[in-house]
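Look for chain A in each of the two complexes below; its partner is chain B in the first and chain C in the second.
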Partner chain A sequence: MKKIIKYVIIDILRNKIVLAYTVFLLLISITIFNLEDNSAKGLLSLLNIILIIVPLVSMLFSAIYVYNSSEFLELLVSQPLKRRTIWLSLFFGLSASMAFAFFIGAGIPILLYEATETGFMMLGTGLLLSVIFVAIAMLAAVMARDKAKGIGVVILLWLYFSIIFDGLILFVLFQFADYPLEKIMVGAVAFNPIDLSRILILLKMDVSALMGYTGAIFKDFFGAQTGLIISFTVLITWVVIPAWLSLRKFNHKDL
Partner chain B sequence: MIIASNVSKKFGKLKALDDVSVTCLKGECIALIGPNGCGKTTLIKSTLGMVVCDSGFITFNGNNIRHDWKYRARIGYMPQIGRYPENMTIGQVLDMMKDIRGCKNENLDEELISQFGLQDILKKRMSTLSGGTRQKVSAALAFLFNPEVLILDEPTAGLDPVSSEILKAKIITEKNKGKLVLITSHILSELDDLISQVIYMQDGRICFHKSIANLQQETGEAKLSKAIAQVMLKR
Partner chain C sequence: MKKIIYIAVLVLFAHNLSAKTIRIGKMQAAKTIQQGLLLAADGDTVLVEPGHYHEKNIVINKFIFFIGINHPVLDGDHTYEIISIKANGVLVDGFKVIHSGISSIEDYAGIKIYSCRDVVIRNNILEDTFFGIYTQYGTNCTIEKNTLVSFSKEEQQSGNGIHCWKADSMRIIANNITGHRDGIYFEFVTNSIIWRNISEKNMRYGLHFMFSNNDAYISNVFKNNGAGVAVMFSNHVKMIHNYFEENWGDGAYGLLLKEISDSYIETNHFVKNTAGIFMEGASRIQVEKNVFEANGWALKIQASCMDVTVVHNNFKGNTFDVGTNGSLVLNSFNNNYWDKYEGYDLNRDKLGDIPYRPVSLYAMIIEQNPPAMILFRSLMTSLLDKTEKILPSLTPENLKDEHPLMKPLPL
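== the complex of A and B ==
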């Protein structure tokens, strides 16, 4: 397994996109922290950019990478290797690269400028988000044989998680404004890792007062120790379930 | 050595393999022939576990291959169209395969690498190779680990006459060592001096599986191409 992870990572490093992504994140983070006189404010601006860029790049890059390494997969499958080993190595290789890129690009500036609890929260969720979206992209790539279709699905999924989901939530909130939906909202957030990460970080930032009554409920839930543990468990579930489903699918795939 | 029992595989509506049963024993050299799209490659890919069959099972030395993966260490496979990571060089691909198989250098059979002159172009990237050179890399990889079973899918397609003679000579030496060799090809004339058995497939079914002597006796033809032509005409 280690050998294949090694080859995957060497291959990813050889195509310079991940490097460019790291540099891009690094530039953005440093610029933002230098623009704002208050580094807590900088963190807030960085949050919005990271929550858009990290899922997009992780998903698109992973999906395209999986399609482009179809030859490599085909070659490996005819060798004395378990399919499970091959697929998990690809997953670990991709996750490690994306998480490492995030750590260098955004993590180090965060640690330099804002090494507070909020900063660590942002670092943790950012790393988890990178891995979550690698897993989701790999699931999409193994389900769709056609490259264009697979990448299209990935883009739609990204749109759903970053934009459409919020729209749906707002729609439901306005339509059922007369009903007490706050508790249900807490549950609904579990269906979108991006929103969950955003709320986790915002609550740490003391700006949750801006979120009104719902914010108070969130604070009540996510602020407590158990709430925090539950939300991280949910985030990890977002890694495990897509990864497991894609592995199952890959085990029966014809190459 | 390799036994397929009632293997069926569908791709959508197309029945690629329809209740195929076949037994391949050690020391045989079997030609798998039939028209395009008759399921030869699918059968080969199922034995390698690259295609998962819908029903039936394949055993390798008595073990069902469904839950086994180590058996592939004993197979050398040369695909019809060799697909390799495009941004790796020939040398890197060879080293990677050695590394993955965990082979010590002394057990390797690098005869084909030197005969094909691959050692001079180890630095070339796979994406810059011609079809024939790619085929040479596939062949070299198939024979590299001294496998007990060789599965060659159209080995000589795209090779120049000199290289295909080298490959044929190599196949004969390996066959004489008592290995099982499975070849598919459309060029029947070049199979004449190689094979001991013939499997003829059509529309995903096996029409017959006979030894070459048997076939020659039945048809009264010495050449494989003529014998097969006669059988096809009779049908």
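== the complex of A and C ==
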């Protein structure tokens, strides 16, 4: 398994896209922190990158990588190796390189310029988001045999998680404005890892505003020790469930 | 006893002679304060030596200087009001006043001034008192350099730190107030000054004004109080160079202004409050040269306000700059620095060329639908905000800063 992971990582490095992504993140983060006169504004810009670019790149790259290595996968399957090992190695290789790219590209500037609680929360959620969207992309890739369809699905999923889901929530909030929705909203957020990460970061960043009426409910839940543990458990579930589903699918897939 | 009466009579008749000093302590003739006070006449100094005195209610009804050496402890045994001042010109200096009674019918206080003038209360430590220093019908009194600490857990079990009711020309200077219901409470108090006090961690308001006109509070710190500072139903109040910090929660405001008029808010710092200033029914207020930093809402101006002028302030790192609840705007904003301003300055006059709209669409949405806060800073809401900036529809058309500053003011 180690050997395959190593091979996958070397292959990804050779491919240079991930390197370019790392450099891109690094450049953007350093520019942001140097340009803005107060680091709070820098963090805000970085928040958008983490919530938009990280999922998009993680998903697209992983999906394309899985499709492009289909021949390699076939070769590996013909060897005396468990399919489980092959698939998990691919998953670990991909998520390790995406997470590492994020850590170098955004994590190091965060640690250098903004080593606060907000910074650490951004780093943690960014790393988790990288891995979550690798898992989701792999699930999409294993479900759709056709490459164009698979990548299309990935892009749609990204749109769903970053815009459509929020639109639906806003719609529900206004349609049912007369009902107490705060607790339901806290539950609903668990269905979107991007939203969950955003709120975890917001609680560190905009704490004064969030201490208002509804905010107090969010704060009570997400800010408390148990809420924090639950939130991170949910985020990890977002890694485990897609990865497990894709593994099950891959085990029975006719290559 | 006979001797004491004799002396007292003598003293009474000799009051126009030079004042004397009476010492109270274990080794002195007067062992208790009550004894000592009987001996004293107008103009005398009563010195109390260190010790722990259980003296029930100490009533000072003569013009004396009542001074503690090294903070002797006056204990009210959770039953009595400790010092009651009923004469003009009394000085109370250097005591440690603890454990006053608690009552829901009477306002027991550590030190209470009853209808007199020119009283000075300074350098005292008050701990675990119901009300701390209470003035009713006081005139020209000074309350200075006292430390007031209360440990109660409920509002009903706690009184105000410095409480002034129907007073005039009061000076409240450099006191430290913690853990009371309201740190400083003013009701029907006029021509008074509150200067350099620190009021923090009080249960309700750090400072509470009701029906108090022509007062000023300057260079105070109000930090981490249950609901910040409230100035209500007053006019001609000057608020200068105060610090309002970390007042968090629903209904907590750095500064709450309700039905107030003709007032100045200048060179204050509002930092990390849920709402920096909340105004309701305020009119003719000048908000100038203040710093608003890292608040949830820097300013919440309800549509019921008019002629509020907001000029030359710095707005930095606030989640929302201005919130309002309607489209009617009778207030003016000009020449403020907003860190969210994205305009340009082509003619280099240090003023932005396009107006800044401090009310964002999302601030309006949250005003109508608070749970929508959950979507704040998501991609979709940023898009909504951007479209609103180009084509304002929900945000009040007239609420804008015509000439925002490009660089923050050095405040």
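Odds and ends about this structure:
By our rule, the second predicted complex is superposed on the first by the 247 of 255 C-alpha atoms of A that agree within 3 Å, B and C clash if a C-alpha of one lies under 4 Å from a C-alpha of the other, contacts with A are read in each partner's own complex, and residues count from 1 in each chain.
Keep this in mind: a residue touches a chain if its C-beta (ideal position, glycine included) is under 8 Å from a C-beta of that chain, and two chains touch if they have at least 3 such contacts.
Note that this is a predicted model, so its numbers are computed, not measured.
Contacts of A:Q79 after superposition on the shared chain: chain B is touched, whereas chain C is not.
In the superposition on chain A, A:L170 contacts chain C only, with no contact to chain B. Considering which of chain B and chain C touches more of chain A, the answer is C. Residue contacts after overlaying the shared chain place A:R14 against chain B, while chain C stays out of touching range. By the touch criterion stated above, A:L47 is placed in contact with chain C alone, chain B being left untouched. By the touch criterion defined above, A:I136 lies against neither chain B nor chain C after alignment on the C-alpha atoms of chain A. Within the superposed three-chain model, A:L247 lies out of touch with both chain B and chain C [touch as defined at top].
By the document's definition of touching, neither partner reaches A:L128: not chain B, not chain C.
When both complexes are overlaid on chain A, the residue A:V189 reaches chain C alone and has no touch with chain B.
On the chain A side of its complex with chain C, the touching residues are 38, 40-41, 44, 47-48, 51-52, 162-163, 166-167, 169-170, 173-174, 177, 181-182, 185-186, 189, 194-195, 198-199, 202, 206-216, 218. Partner chain A is touched in their complex by these residues of chain C: 248-250, 252, 272-274, 294-297, 316-317, 319-320, 339, 368-383.
Per the touch definition, chain B reaches chain A in the complex via residues 11, 45, 48-52, 69-73, 75, 77, 79, 83-88, 96-97, 99-101. On the chain A side of its complex with chain B, the touching residues are 3-4, 7, 11, 14-15, 69-72, 74-83, 252-255.
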